[in-house]
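Read from first to last, the chains carry the letters A, B, C and D; within each, the first residue is number 1.
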Amino acid sequence: PAKLAAFEARVAADEFIEPKDWMPEAYRRTLTRQISQHAHSEIVGMLPEGNWIGRAPSLRRKAILLAKVQDEAGHGLYLYSAAETLGTSRREMIEALHSGKAKYSTIFNYPTLTWADIGAIGWLVDGAAIMNQVPLQRTSYGPYARAMVRVCKEESFHQRQGYEIMMHLAAGTDDQKRMAQDALNRWWWPSLMMFGPPDADSPNTAQSMRWRIKRDTNDDLRQKFVDITVPQAEAIGLTVPDRDLAWNDAKGGYDFGAVDWEEFYAVVRGEGPVAKERMKARRDAWEQNAWVREAAAAHAEKRARKAEAA
Amino acid sequence: RDALFDYLCRLGDDSLILGHRLGEWCGHAPAVEVDLSLANMALDLVGQATHFLNAAGALEGKGRDGDALAFRRDVLDFRNCLLVEQPNGDFAQTMARQFYFSTWQHLLFDHLTRSSYAPIADVAAKAVKEVAYHRVLSAEWVVRLGDGTHESRARMIAGLDWMARFVPELFESDGTVAAMAEAGIGVDPAVFRSDYESAIGAVLAEATLDAPPAQRPILGGRRGHHSEHLGHLLCVMQFLPRTYPDATW
Amino acid sequence: RDALFDYLCRLGDDSLILGHRLGEWCGHAPAVEVDLSLANMALDLVGQATHFLNAAGALEGKGRDGDALAFRRDVLDFRNCLLVEQPNGDFAQTMARQFYFSTWQHLLFDHLTRSSYAPIADVAAKAVKEVAYHRVLSAEWVVRLGDGTHESRARMIAGLDWMARFVPELFESDGTVAAMAEAGIGVDPAVFRSDYESAIGAVLAEATLDAPPAQRPILGGRRGHHSEHLGHLLCVMQFLPRTYPDATW
Amino acid sequence: PAKLAAFEARVAADEFIEPKDWMPEAYRRTLTRQISQHAHSEIVGMLPEGNWIGRAPSLRRKAILLAKVQDEAGHGLYLYSAAETLGTSRREMIEALHSGKAKYSTIFNYPTLTWADIGAIGWLVDGAAIMNQVPLQRTSYGPYARAMVRVCKEESFHQRQGYEIMMHLAAGTDDQKRMAQDALNRWWWPSLMMFGPPDADSPNTAQSMRWRIKRDTNDDLRQKFVDITVPQAEAIGLTVPDRDLAWNDAKGGYDFGAVDWEEFYAVVRGEGPVAKERMKARRDAWEQNAWVREAAAAHAEKRARKAEAA
């Protein structure tokens, strides 16, 4: 209890907690879950975009998309490393993902149907991610906060690139405009769901905020996202698919329609439109290539033995 | 000039097609680190392709840029070697292909840094460093898998064997190569063939592997006579520009 | 009229896309007899697609024929159900897909033989016999694999389970279906849903298999919101007409 | 020896030999090899065409191509059945193919690169096949001869369809003409090789002709093929890729250039351009689907046991 008080005092003083510091088990557990979930999202998130690398419509777009997925693999690496400092191995985290125990962002359970979806993912999904992540640069756990600094810098770059794709399509041929609007229609609501359930249904928020693992509530972030994104859509002539959307002068923000939380919870349960495909792809990648990881380990061991003998 | 256009297309197409293949791994690699390095190589290769194909288009002077060349030629006009268009297969096959190709491309680009034709010399000067890394990375995997487990060894042997018949094409000489070598723009790969063979041999030795048995060379890519795989790759790669010919992206 | 065009496209696209998938097996089937029967089903389905899509084009009256509809629409305009676009997987998955689909298509076509719209009634009259055979053939394989070896049983269970979430879409009703049923042109599949379920159940019983656990339905194909697979299929299927827009073949 | 004499007399009298009749071992062996090789060719031959089913450029062409490969599977079936009457099981024949012991037509070791190749295969490859096969309708072994009757009827249909594709391309856009000419360039010489080595290097021809397993020599059939095909090429404005080609009034046929027999023997040895791919595709189809055949057998056995018990 003395330790706990000291810990809470440090957190309250905005000090960073470091791997060797004492921390409550629940803090460790919550953080491990949150960071590994974030890492898994980066890795699973490569799949919907990878689906379009081969079909990117110009050499420039292909290079940008390759650079983006490369960044995402990099983010996955930092985040797994940050989570490992809390005492769970990467293998354990990945196995938890594959068994369905660990989650990843619900958004990646939707398919990418047209090139506009690559724009929409950059614009909306990375946009929402940044909104979630910027505050985490000041999260209480040092390794996580430092990983977030790098991640955020790159994500905001991705967000701009995604918006630029949409802008280009929205100013393009009729077919391109249609693709862009259709992508916005499909990705809008799932993007709002990325901030998690309404605060009223999010019982852990208070604790997480006290521990500075989280620094804003779900609803606050969602509102901020809507307020920033709606004018961006308007600026390029796209229509947000929400008939209840209206500017509210009193609150200085937009009112918006009800999110379909039943859909959200179904997707959380692993019933999203391409959830089975995503998990199969990740499991296959892991299991069918196990021999590669085993070979690398076996070779490293041979090397080490030789070095010792010499 | 026709020969130079052809030569630039060969250089560009090699990088473009191999970059495409590596991109197919995205999200499916054995480990996150590998996903990262495959995407990184693909990115380097697409960058090289962009420079070479833009240069080819500029030289041709018919208003085609790199995108037009990449996305609006059909199979008979592609000039890449057969090796780079082969499917990924398992990770050992992908690494065998990369090892054979990057070792060759590194030696080639090293010579091309001294090309009398500035666009080639400039691209080569930058790309030779990238490709040096591809060469090392793939060689390391050949060693790891060759001298790893029983299974990885068998797969590495099979991968090297499967890809080996496409290696002689890398050293094929023809009118284009001869003209480019003559003009000091390009190089006849024969001049670095023994370097190539000893480099390959050294890595295989470290991997405790024998060289694959000699096979009848399969040729044709440089004249547009490809394997059946390239057509399928182009279906995917060119889909959007073909489907929306009036759009820009 | 819009609804009828939409309805004809749905009928045609279902057959077209499944025919394409079956054609992918060519030369790779478990036995020559199977190669033959898969090609035969593909041929039937492509024939149906030709009739339905030609009828759709004629109705539309904008100069598009079946080929224009098959080869010049992009993914958002395809109206097939999600089930038929799913990849072949192993032979058990292919047969699971076929069994779910052909059983449904047979019941549907049986109703459509009484369509008030002659082009539909005519095609259905011919196709219902073809599809009766597809239904029997796929059901026999479900029984053989389900009540075969330990391995085939596991694969059959997995195949049925993998495809099951796309079955509810077959019974989805919407404006188009309602309008067509109302007009006596089409039929609301709800009317044969219980027949469908008992037919599926009877075959599964004979195969000594349980019905797969209920899953959340995946919908969207009828509105152009497909799985990621259709786009890749179209890359291949439409390659030539897209690449050579001025050619006839 | 009395049996042999009687056998040879029957053959000489153009009687059919039937499965239960006595026959020399060498006759049985040669026929088994020839028929199974023919069956294998039908099956392997589905691969280069299957490569274009998904890319057939119109619904009509797709249907025609599907019907064609279906016919080929059918031919494979008759031929395997005919060969089985000689006492070798289909499984044994297929295993001989996969081990490389049995051969298939060298022509299927070349890739199909463009749609024109589908035309060229129909026109040239089926054309050459018919030339080889028509005489076999009168071959001495009854089941083989009867299979050939059906095969020939369908092949000549395929040949006409292939020629029609070429005709259409040759009358089409510049790109289509180029495809057609390129396909002819690539398939011409391999088609000439389909008739086998020159008579001088074909030591078994005499014996096979005496037994009426073969009814014409390789060189005679090749000449006949050239004489029929060259005018067909000219009629649609394509150029046969042979600078030595010239009409010879004296012999009433064309003189033509030397076939590259080194290439032929290399391909026979399994070193053709896509030989490895073809054999891998066939082996994979067989091995990876073994479980299907095993299941079918197991199920049939269960059925039989149940029927017995009832």
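Heads up, the rule we're going with is that a residue touches a chain if its C-beta (ideal position, glycine included) is under 8 Å from a C-beta of that chain, and two chains touch if they have at least 3 such contacts.
Since this is a predicted model, take the numbers as computed values, not measurements.
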By C-beta contact count, A-C versus C-D, the higher one is C-D
For chain B paired with chain D, centre-to-centre distance based on mean C-alpha positions, whole Å:
36
From the C-alpha centre of chain B to that of chain C, how far is it in Å?
41
Within chain D, the set of residues that touch 2 or more other chains is 55, 175
Two or more other chains are touched by the chain C residues 74, 231, 235-236, 239
Looking at which chains touch which, would you call it a line, ring, star, complete or other?
other
For this structure, enumerate the chain pairs that meet the touch criterion.
A-B, A-C, B-C, B-D, C-D
Provide the residue numbers of chain D that touch chain C in the complex, in ascending order.
43-44, 46-47, 49-50, 53-63, 66-67, 69-70, 73-74, 76-77, 80, 115, 165, 168-169, 172-173, 175-176, 281-282, 284-285, 289-296, 298-299, 302
Quick one: which bits of chain C touch chain A in the complex? Just the residue numbers, please.
74-76, 162, 165, 215-216, 218, 220, 225-228, 231, 235
Can you tell me which positions in chain C touch chain D when the two form their complex?
16, 19-20, 23-24, 26-36, 39-40, 42-43, 46-47, 49-50, 53, 66-67, 70-71, 91, 143-145, 147-149, 151-152, 155, 236-237, 239-241, 244, 246-249
Residue ranges of chain B touching chain C (in the complex, touch as defined)
74, 231-232, 234-236, 238-239, 242-243, 245
Can you name the residues of chain A that touch chain C in the complex?
48, 51, 55, 111-114, 175, 178-179, 182, 186, 266, 271, 273-274, 276-277
